[in-house]
Structure formats: structure tokens, C-alpha cells
Amino acid sequence: KTLFPVSFETITPDTVLKAYHDIRATTMNLTMPLETEDYVIQSCPEASPPKWHLAHTTWFFETFILQPFCDTYRPEQDAYRMLFNSYYEQVGPYFPRDRRGTLSRPTVQDIIHYRQKVDDQITQWIPRLSMPLFSRIAELIGWGLHHEQQHQELLMMDILANFAANPLFPAYQDNPSTWESLTISPWQWLEIPEGITFLGYEGTGFSYDNEKPRHKVWLTPARIANRTVTNHEFLEFILDGGYQNPTLWLSDGWHWLLDHHWQHPRYWHQIDGEWFEFTLLGLLPLQLNAPVVHLSYYEADAFARWRGGRLPTEAEWEWAATHLPITASNFLESQIFHPEPVIGPLNTMLATLGGVWEWTQSPYAPYPGYHAPKGALGEYNGKFMNGQYVLRGGCALTPQSHIRTTYRNFFSPESTWAFSGLRLAGDVQ
Amino acid sequence: KTLFPVSFETITPDTVLKAYHDIRATTMNLTMPLETEDYVIQSCPEASPPKWHLAHTTWFFETFILQPFCDTYRPEQDAYRMLFNSYYEQVGPYFPRDRRGTLSRPTVQDIIHYRQKVDDQITQWIPRLSMPLFSRIAELIGWGLHHEQQHQELLMMDILANFAANPLFPAYQDNPSTWESLTISPWQWLEIPEGITFLGYEGTGFSYDNEKPRHKVWLTPARIANRTVTNHEFLEFILDGGYQNPTLWLSDGWHWLLDHHWQHPRYWHQIDGEWFEFTLLGLLPLQLNAPVVHLSYYEADAFARWRGGRLPTEAEWEWAATHLPITASNFLESQIFHPEPVIGPLNTMLATLGGVWEWTQSPYAPYPGYHAPKGALGEYNGKFMNGQYVLRGGCALTPQSHIRTTYRNFFSPESTWAFSGLRLAGDVQ
Amino acid sequence: KTLFPVSFETITPDTVLKAYHDIRATTMNLTMPLETEDYVIQSCPEASPPKWHLAHTTWFFETFILQPFCDTYRPEQDAYRMLFNSYYEQVGPYFPRDRRGTLSRPTVQDIIHYRQKVDDQITQWIPRLSMPLFSRIAELIGWGLHHEQQHQELLMMDILANFAANPLFPAYQDNPSTWESLTISPWQWLEIPEGITFLGYEGTGFSYDNEKPRHKVWLTPARIANRTVTNHEFLEFILDGGYQNPTLWLSDGWHWLLDHHWQHPRYWHQIDGEWFEFTLLGLLPLQLNAPVVHLSYYEADAFARWRGGRLPTEAEWEWAATHLPITASNFLESQIFHPEPVIGPLNTMLATLGGVWEWTQSPYAPYPGYHAPKGALGEYNGKFMNGQYVLRGGCALTPQSHIRTTYRNFFSPESTWAFSGLRLAGDVQ
Amino acid sequence: KTLFPVSFETITPDTVLKAYHDIRATTMNLTMPLETEDYVIQSCPEASPPKWHLAHTTWFFETFILQPFCDTYRPEQDAYRMLFNSYYEQVGPYFPRDRRGTLSRPTVQDIIHYRQKVDDQITQWIPRLSMPLFSRIAELIGWGLHHEQQHQELLMMDILANFAANPLFPAYQDNPSTWESLTISPWQWLEIPEGITFLGYEGTGFSYDNEKPRHKVWLTPARIANRTVTNHEFLEFILDGGYQNPTLWLSDGWHWLLDHHWQHPRYWHQIDGEWFEFTLLGLLPLQLNAPVVHLSYYEADAFARWRGGRLPTEAEWEWAATHLPITASNFLESQIFHPEPVIGPLNTMLATLGGVWEWTQSPYAPYPGYHAPKGALGEYNGKFMNGQYVLRGGCALTPQSHIRTTYRNFFSPESTWAFSGLRLAGDVQ
């Protein structure tokens, strides 16, 4: 399932515009439950205000497509070039990330107007393009749409972070049901054989530069779990003193834990002895069978050590996702906004895509032969290749058409605001 | 001009409710130019979101009047007790001040509803009160209304701080005109004789506890300027290298300047060699004849030293405001939202009230015999009596009925977000 | 008791040099118990390494006397001008205060050599001076010697702070005895009448600029305690929950307490239920009858509020020290290095000088008509007149010849590394 | 060249004790040029005072050998267990790393006494051990000696950091000569072929746990430079605006540069237009032909990008160090204390060992199948495997018998206080 046909024989202005309108509309639909006030706030430096996401994704089309290629386009506001630039040094100065929540203007309506203006321009302009400009523009539109899909997920993560900081515990969406009664698949090891494998994307569809080039890697024999870790399993770690035992943790993780008084995952609450989790569906009793989520790398790594395992490498994960039968868990399209309990056939990599992002033990680094694209879009991925770990597989907030088995997400090891969980791996003696 | 007749012979439920409705309506009127988004943000720790002011002033009536005295009142929301408590330890926990801008809920509409509910309750309940409960309640209502007037000024200060942090430079109100052509009164020394004077409030009207008791002070002979310092005069200080010369500054001030890269007052901008000032009326060319405003104590003190003078003491200021002919400058009611140039008769303390708050050299300290009131309202003033300096006279954002010549405002010496200027004083050799 | 005869009829090179050699030798004697390593460290930003004090006091004579007035003098090292400048902007750049403990060079021996060189030069040069240059130099030598006496106290405070940060609890001096058995004087109020009094120094002896000019002040009737507060009395405050009760504290003090986890005075330790105090004599069982010491202003103020009193003003303290019979407690010369229990006749201001510095409620501010001296020495006191409180009376580390009843010491309200205690005052109803 | 024969047939108490005494004596010899004061200071959090290194290396033998295995041993001081524990959670609490410079006691003499006591005990005890206890102890002694060698290098790095923070620029050792006239080898690419290679240590000698297990890795074809980058080459980067061009830097590196005002390598100084470098030999004119040293990963990475290359991976470096002819540069034994210019035969990996540590692009991560040793020594390496990059080859401060081609050193990417330089690598198209 892809955004639009990537074969350049079949791609047309219509297919491009259909994808464009679909994805742009999806973003707006996600904001439907928000009050105007909800669009403005930024409860922590890593989250951005919802209205910033609406503007920045529009700025992307304006800055990288309309301004360089469409002669008749006039920018909505000169100041937007700086205000909605996230980090592109080659575009110019950018407003400080941790100050985005201090801006009341432009208003939500102003930004909706801005979106409309850019959408109108794109809609009118695309059909008039000559080949080969259309090819180039279609490629950039594709990039912009994948970018917008990434921000759909970020938008939802940030709404959750913002609501979680409010003592009133606002819910993004009413909780139609709980999953407590659901069964889950039993835990199983799947074998990964020794040998050469290939890592990375190769094909004619869209992929980010950081997934390339496809290259050979030697796999040491190993094994990987059939499913992700549950709240139940993580609760055992807590009850066994996991957050009090420094020998389970990386040194940096342990000191981070002490400095930030970590005693449980970010959105868990213990109230009168009962465990709850704050979610986009409000504050719910902890769903024991649901995957544990919002773990930092440090917590995932400590849990794995406690269980006698380890996190998988990227190569192990990608081999398993490619060579074993897999199933998917829920995506953004499910509109559940929280990972579902995992159930499926034996001997299968369950919930490989969707559900929760899975921390790998692989630091985010360039693949052999990697080169960042020329120009400002080269800053999209390459300059962040240090100090972070790769996560794989997407989550309940990821659009299904956005994710691939070669997709590399990355966060710094203390990050907890993403939908990040884990799947165990282990060595073979 | 007072809020309502303070003589307890003439005070009635009607006079109380009239004042109540007037002041509550004024607050709401001040927010009329705001977009919903503007109510939410907090651009610096010292400023609060406008909607927080709307809620907190309501909370004051709820917490200190309705909850203890009105049996039938049910709080709007339990969490509001904490969310809108500014700092009253005796009321219970309070939400961190510097995090107020992270809350999108309650929404502006929720808060307007909250205001309405409390207003309705007050309106229905006051007329039914028996004496002497009515006397006690009237006194507390008076306190709550003066509190709300203080927050009217804070609301406007905070709107300015928020808009000033936005590169789009939004204006709160269109600027109907400039004052560049206006003349101002020439600068003059007024003499203060040696001897005993009285400091502090005594009378039957409202005053804060920190203005009492009225007490004797010995005045050393001195002199005080007839008017406040202008932008023109302050610009000379800048052009003479005032911000580069450590010998003019207090040591703490100089290090603050270095750490914060101060080169001019907070809202001044130099653009292509021309000076501008950001105001509630937008970004205006610097009005040379208008009073300089948004000075820290450090800047006011350094300017005074450079001019060969000093800041007045509280006692000098209050003596002059009491014993010399005085005039007023503009107040909140003028709806100009910026201090006007000062003009008036010779040998007069011009613009003594209104215009700009005037830094004194007096640290904020209790008057001899001061006792904080019993109960949580004792925390209103007394616990802040350290590390700050007294300012006198009110400003263009202060309601006229709120200010008195005995009124003591106070800010820490690095503060610049208030409408703070200065009037020179000097020793007599 | 003064440093040298101040009458300019009787002052001679011999009297000046005798005082010079005495005081310079006293400084060196104070360092006798130190190991070389002890001279180097700086355990907190406010304390300086002992060797820095040795060098800086020498630098003072070099910079303010020898360099400007003695043609033949060649500075020991150009870099010393910056390294040992504490904060004089008019002298030039200064090494950051909080980095003084990062310098191993110059070594202790280098600095002793530096002291010797300056001492030799002074010794040879003073007798050869013509009048009136001698008068001017004698005045500056006097200033430099008072400066060195101040640093004798700072040196001892800093040694204590450094040793206190070491888990080995090194003692500066063995403890010859304890004072547990000593009785102390019972607590008594002394009356302060209403009326005009004089504040400040006037006379022919040495005083700092901040003690002048002598001026009139109006005293409101009040009362003041005959002695300082004891450890026993302060322990009652602790046991009554004083450190857990925000209503006793200034707001800034309470938040400082929370941020720094204060539960008792700086050098108290509770070990297996018993109270100890770390002192220059090592870790001792808490001496209940000794004065409480190392209090911040916040703690002194909270204690006074808890006891139903308040801190005295400077004017009250100085009136009592001048108009009532007084006694002194121990000074530096006693070589006890800790305040002794207070005992003495009834109706007397006991331990007015020596023992512990006494916090007043008076913010450190210029006296009416104050002018800082011209030149760099004008930075000695004047530029620190904000954000601090005045302490009076000297302490067990203050040289007796250094202190006066008009002497104004000052620290910021959170400071605890000085020998600071308190004497209660109260209003008269 | 190894510390002592590792074959357990030939190892004897004599060989063990000879190595022990040699290495312990080397440490003391390195401190010969120090003044007592130099042992005490800590100019930055990452550096430790020299006397701490002397004590901590002794503590290692006391804690991991004498206390658990030698019944008759009594610890020197109970508090040393905490004071000289660097970070071993399983040993118990440890004194904060960034506060080590606040401790004057124990003195240098106390610590020399402590070293002597432990050395005496080891010397007397080792010959009396029965097999197989001797085997176990010999292994631990080996570990302790490699640990001490690591600290010899750290000791020298920290002395340099401390001296560099002193405006007097003290030299550790006089500079016997400069290298300006020396020629260096021309720059050359060496080819790395595609295929499987082995990474990691396997053999009977000593190696750290992080070098194991030896495992297969697939190499993509690449090339690697024959020598490390010189000051001359790095100066070209500076002159070309390398420190002003964000597109050359990782995002984290660029923001670190801005926050810390980096304009050149840590110890470079530009004085009157001339470049100097502060070294253990004092402040020297920049030696253009010497290797650039004290680079952060960020600077090394930016330089490589500017030159059109990249940093090598661990696997590339280790393949080249194993399969190509190599030469060594100077080690600690040379007593030059600074990397020498590199000269040697063509087609050779020059200065592979010694000279400067070489940043690789490989994040410090466990090898496949890695398991940390049981017990507290398992904390030696494993818990630091995040957020750092691997460096290879040792430097001019590394003892020759300490280094191996499989040796993995690691620092965080902003670190500059090690002797870290770089060797370029590149892709093969």
C-alpha cells in the first residue's frame, strides 16, 4: 500500500493530487477533537503545538516546491519562512524549537488559511506542469506527503504529551471499550540463522535516504520474540525492583532515572494502589495485555537485561520482518490511537508493523555508502545520525501507507514521548 | 475616587454589587481584542496566560468568600482549587507558575462559564446576607476587587510580554496617533525639607496591609524631580555608553546585563539605525518625549548615577506626593495603554499617579509595627518582603480607583515587564 | 582598640609598620594548621581557596599602594593583576570567582614569596616617605589592613566550608573542651524608646564608607533581646516543625528551602538520632547553650516569626549597642574559632560584639547622603548595595580591632557560610 | 609486548610482582614534575585530580583483590571505599565525580602511604598463595595493572586539562625541541576489499571484555588513509570557514559549537595572529606537521565531511591494522607527551598505534554475543555502551604494553580532553 503509484509510467497529476488531498485532509481530520486552545500549547520542549504542525507541513510544500519552482507563487508571510522552519540551516534562521508554544499568532484560522492557500496553488499548478518538471515535482510532493504523515504521528504524540501534563486529564477521544478481556498470543522465540543478509531499501517506491543503500550484513545466529512486551510483563519488572536496581541499567540511564525520579513508564499512574495509564483515550486502568509503550531506550534495555535477553539489532529485526511470516497491528487508520493487544498465529513475527515502535540496540548511523541528498533536504535525516537509537515497525499512530520494513525511526535514549515499546531478542549459545 | 463608599453607614448590597459588576466587566472588556489563542500562552515565567488571570481572579472570590461563607455554593471543579491558586500555602498546593502556559484546558469558554457562575452566585447571595456578615463580606469583596484590578494591570503587562515575544509583532490595539509633536514640561528640582514626616495609610478607605501602620520617619533634606525621565533622556545615557560602563551599575546589575546581553530597554529595537519601541499599540518609532518605561531597577539606578542623581526613597516620594501640588498622567481608563508625555504647571509633582511606576531606592520591607493579616490572605503581601524594591504611583495600565499615594508596588530589581520608569532625586549638599 | 593611632599628630612610620607586620603575621599564623593541599581547594562558589586569600590581600597593597605610588616597585607577575583582582572593574579583568579552586599555580610557596616581596618593599619604603605622602599612604595602609582583617575572617569561614564538604571531617584545631556544662544568661527584653537617634560613624578613627554619613533616624518604640539565640532554642523550632511549615517563611526562603532540601542549619548533622555540629574544632555534639550559627536570613527570619518576634533593624541594634551597657563575646584573638555561650549581667546587651554576626531586618542600602569614594576603592562597598541584608557585631572569627558598633556587614539572604546568628527584637504594643 | 607472560605454565609470583612494581612505579614517576598543589585540582568535571588517580588505582587492588581474598588485610580507611570508588554500584556509594577537586584530605602524603601499604601487602601475600588461588589473583592483578595503565593516560590528560585552565600556562615538562623542520609522509589512500572479516580479540593474552567475542563482519569496499590528519590540514579547514558552516556538522555538534563558542581545537590559541597550541610541554607555536589532537567527534566528523571523506568504521580500521603493514608512533614510554609527526614507508598504515587516538564512526556498542563479566568488574565497560564513539590505536600517553589493535577506547562525541585525532576513510564508488 503506497501513497501513489510510483511507477513513472502510471503516475499522473490526478494520482498525485488525490494523494495530496487525502493526506492533507487526514491531518485536518486528526485535529477535529481539539479545542482552539489545544492547538497552541507545548508542554515539553520535544513536543510542538498542534498548530505548528499544521503550519510546518504546509511550509514544507511552500519552501521546497512552490518557492523554487512556481514563479507565480507569493509567500503567505515572509516571517513564516523562519517561524515554521524546523531546522534547515540552508533555508535560513529558525525560531527556537522550545519556544514554539509562546506564539499565539498566527492563529489557528490564519494557519488554516495558509494551508488552503498552498493547497489551492498546488491543485491549480500541478496539472499545468510540463514533463519532466512534473516528474521532479511529483517526487518532491511524495517527499512532502511522507513528511506530513510523519507529522501526523508527531501531532498525536504531542497532543498526548500536552494532555498528560494537565491535571484535568483531558481525553482526545472517548474510550469506546477496554481490552482487558482480550487474550494475547503466548510468547515464543523465533530463530535467526547465521549468514549474510541484506539491509536497506531497494526498489522503485518511496523511501528515505537513511534506508539506503541496500547493503550486505553478516548475521550472527540469534533469536527474536514473536511479539512485543506487554504491560503485564513490564509490571513484573517494576514489582521486582527494576527501577531500584542499578545493575540492570546503562550508566547514563541510571543517572537519568535518578535525576528524573523515574519509577514507572512516563504515562503510568499509581492511584490508591491501582495502576492506570494516561492515553489519548483518557486515564484508563492499565491494560495488562496491551503492549507496554512510551519506554525510553534505557527502560527497554534494562527490561531486556532483567529478562535475560537483549534488544534486537536492526539487521536482526529487518531479517525477521522480511524472512518470517509477519502480521500487522493497528495503525493510525484504525482510529484507536493506542496499541492493541497482540494476537495471531504461532511462529509468526506478530505486530511487526503498527502497534508500538520497537527499540533496537542499533545506534542510528549511516549505512555503508550513505550520502545525504544535495541541498536543504539533505538535512532531513543525515545530520541527526548521532546519539540516537533506531526504532522499527511503526505504531498505532503511524499511517499504514507510511511504514515499511526498512523504515528507520530514531530517538535519543531518554525519549519517552513516542509510542515506543520493545520486542526481545537473544543470543544463541 | 474609590471602588465603593467605604463608610459602613452608607455601604449597601447595591453599592457593593455595582462595584463588583463594573470591575468584573472591565476585566472582560480588556480581553476583547484577543484571539482565543492569545489567552493561552506564557512567553516568560513571570507572565501568566490571560485566561489564567480570568480564572484566578474568579478563584479568589470562590476560595476566600464563597467557599468559607456560602453554604450552598459548590465549587465549579475541585481541580481549580489547585490550578488557580497562585501561591497561597494555606489554601493548599498550587500549580507551578512557570507552567501555566502548558494548560489548554479549561478553555476560555470554560473559564468564562466559571466567571459567570461565581458572578451569579455573588449577585444572588449578597443581598440576602444578614448584618454583620454583610460587613465582613463587603470587606472581602473589596479586597477581591482590588485584587482583580491588580490583575487587570498584570493582564495587560502579560499580553504585552507575550506579543513582544512574537516576531510578527501583533498589536493589542491600533495606534490612533503618535505623540512625537507634543511638548513636555521642562525638568525641575523640587525641594524636600528636613524633618519628621508620616509614611503609610491611615483612613477608612481600602488599603493593603503593606501600607500600614502609618508611622513617623525622619527626612534628610533632599530634592526630587518634577517629572519622570523621558525616552530622549534615556537615549542620551545609551549614546554615552551607559550599557558599556560597569562603574555606573550595581555589581549584580552589571552581571545581569552581561548575562542577558542588555543594550537598551526591554522593548526597544534598533532597526536600520532607527529606534523603535514595541508597545500594546504595536511597534512604534521611539516617542522621544514619552516617559522611558520597562526599566529594571538596575537600569533606573545606573541612569540616575550617570545623571549625578539617585532614586528617591519611599519617604521622599510620599512626602512630595502629599505635600506638593501633584498632577496625574493617564490610567487604564484612558485606554491608551502606554504612558503619555508629561506636561503641566511648574513647581508641581507632575504625573505622580498614572503614567509609569516609579522605582524608589527603598527595598520592600515591612513598616514598623507591620503585621500580616491572619489566615491565607496574610500571604498576599507579607511573605514577599525581601529581594524587591518599592515602586510608587501606578501607571497607564493601573485603574484610577486602584491607586493611592501610599500604594506600594514591588518588583525584583531585574524585572522589566512592568510599566516601570523613574523620577530622579538628589541630595542637598 | 584600634589598629594604629589615628590621630595624625601621633601616627608615625613605626606605628604604621608595627600594625602592618602584626596583621600580616596574624594572617600567616592562621594558616599554620593547614596542609599544602588545604590551601588550594574551593568547595563552593562563595568560598575562596586559602592561598587565594593570601595572595589577594597582598595584591591589595601592591595594586592600590605600591603600583600607583612607589616608582621603584616592579610587580611580581603581570598575570597577578588579573588573577588576584576580586571584582574591581576599574583595575581591569578578574579571574572568575567560582574558578579560583582550579588553579594550582602560583603555589603556596610562590605566594608566600609574593607576600614577602611586598612586605619588604612596604617596610623599606614607608620610612622614606615625605609628608604629606606619608599621610595618604598611612590612610591607604589602614584601609589595606582592615581589608586583610576582613579576609582573616573569610579565610576561616572558607576553611570551615571546605573541611565541611569532606566526608573525613578534618578538624582545623583540636577541641580542647566542650561548653556543655556552662550556664547561660536567661533571656530578657530590653526596651528601646521612641525618638530620634543617630546612625552611622563619626569620628577620627577608621571606618568604611558604608557607615557614613552619620544621620538622624526616627525610632518607633521597640524591644530587643539581651542575648543571641542558642542552639537549644533553635532546636525547639526544628522539633516544632519549623522547616516543614511554609507560613513561617518568606516565600523566597521557602522555595530555597525546598530546592536545597534544608532541614536544619548548614553544619548540623543528625547521626543515629543525636545532633552534631561540624565546626573548626571538628564534628562536635551539638552544644545546646552555644549560640546558633550559620543561619541564613531566611532561617533567622522564620525562627523569629515562630517565636512571635522579629529581627531588629539596624537603627534599633545600633541604638541599643550605643545606649545600653554591652558586653563582648569571643573574637578571633581568643583562638576558639567558635562562638561561646553567652553569660553576663542582667539588663545588658550581652555579646554585642564578637560571638556571632547578628542578622538585622535592614536591607543593605546606602545611608542618606552616602557617596562611594572616588576611584577603584569606591567599588569596595557601594556597588553591592542591593539584594543583601545587614549583619552587625562581628563574630568569633572577627579580629577585635576590626569591629565597631557602627560596622555593617552584609550577606545575601540565603547565605549560610558566615558565622551568622540572630538576636530577637519585638514591637511594643 | 605484554605486561607479564600470560601462559599459565610460565607465570610465577615473580613475574607478576615484577610487572606490578614496574607499573606502580611508572605511575609515581609520572607525578615527579608536579607540585603538591597540582595533585589537588580539578579544572573540569571530566578530569580528576592527580592524587585521586593515585588513590583510585590503589583502591582497585584493595577492593577487588585484598578485601575479598586476603583475610589478614585491614582497609586503610573505611571512608576510602566510598571516596575512591569511581562508579561501581556493586561496591556501594561513590563520591560525586565532579566534586573530586573539593577534597584536600587525604593529602598526597596520606595517599602515598596508602599506596605503599597496599603494595607491601601485595608483595608479601602473592608469594604465599596456593594454586589455584594464585591463578585467579594473577588474573585480577593483570586486570588491575591494565586499569592502572589506563589511569596513567588519564592522569596525564587531566594534568594537561588542569594546566591549560591556568592563565600562567604552566608546563609539565620543558620542551626540548620542536618538530617544525620535520617532514611527514605524503597522504595516501589504502584499499579495503569487500568480504568477511573478523573483529575482536581472541588469544591467550589480556584483553578487555568489550573486545570480545571475536566475530564475523561483512566489509563493504572502502579505503583508508595511510596516516592521521595534521595540524596543517586542520588549519585549512579553519581558514575555509569550517567552524562557521553548519552544513558540515552534525546537528548536535553544530549546536554544541554555538553553545560553547568553538572556533578551533580545544588547546589552540591565536595570539596576535599567530597560532599556538598548549601542550604538556607548555604553550608552543603550532607544529604544522604534527597530528591534530584534542578533536571532538563532532570536529573530526565535520573535518572529514569537508575533505570529502568520512571517519572509518571499527571494522575497517581493525582490518587495516591487521592486514596491512603498520608502524607505530610514540607511546608514553617515549616521554615526549605529545604526538610526533608521522613518517614512514609508502603503502603502510602509519602510526596505527601510538600518536593520537583515532575516532571511528562506530558508536560504542556490544559485539554480538557480548556478556559483561559477573560481579562489580562487569561494570568496568558494559554499562557505558551508549552515547559514545569508539577510538582506536592509543596515543602518545598510552603505555605501549597497554595497547592492542583490537583495543576499543570510547568517548562521548563532544569530548576534547583526550589525545584524539583522526584518520580519514572513504567509500569506493
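The chains carry the letters A, B, C and D, assigned in the order they are written, with residues numbered from 1 in each.
Everything that follows uses one rule, which is that contacts are C-beta pairs under 8 Å (C-beta built on N, C-alpha and C of every residue); 3 or more make two chains touch, one makes a residue touch a chain.
Just so we're clear, the structure is a prediction, and the values are computed from it rather than from any experiment.
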Legend entry - Pair from B-C, C-D or A-B with over half of its contact pairs in common with A-D: B-C
Legend entry - Averaged-CA centre spacing for the pair subunit D and subunit B, given as whole angstrom: 60
Inset, instruction - With chain centres taken as the means of their Cα atoms, state the distance from subunit A to subunit B in Å. - result: 47
Inset, instruction - Report, in whole Å, the distance between the mean C-alpha point of subunit B and the mean C-alpha point of subunit C. - result: 38
Inset, instruction - Specify the contact topology among the chains shown, as one of line, ring, star, complete or other. - result: ring
Inset, instruction - Mind listing the subunit D positions that touch subunit A in their complex? - result: 87, 89-90, 196, 215-218, 220, 222, 246-247, 249-254, 297, 313, 361-363, 365-366, 368-369, 378-379, 383-387, 413, 427
Legend entry - subunit B partner contacts - residues on subunit A that touch it in the complex: 35-43, 51, 77, 79, 82-83, 95, 99, 101-108, 162, 165-168, 170
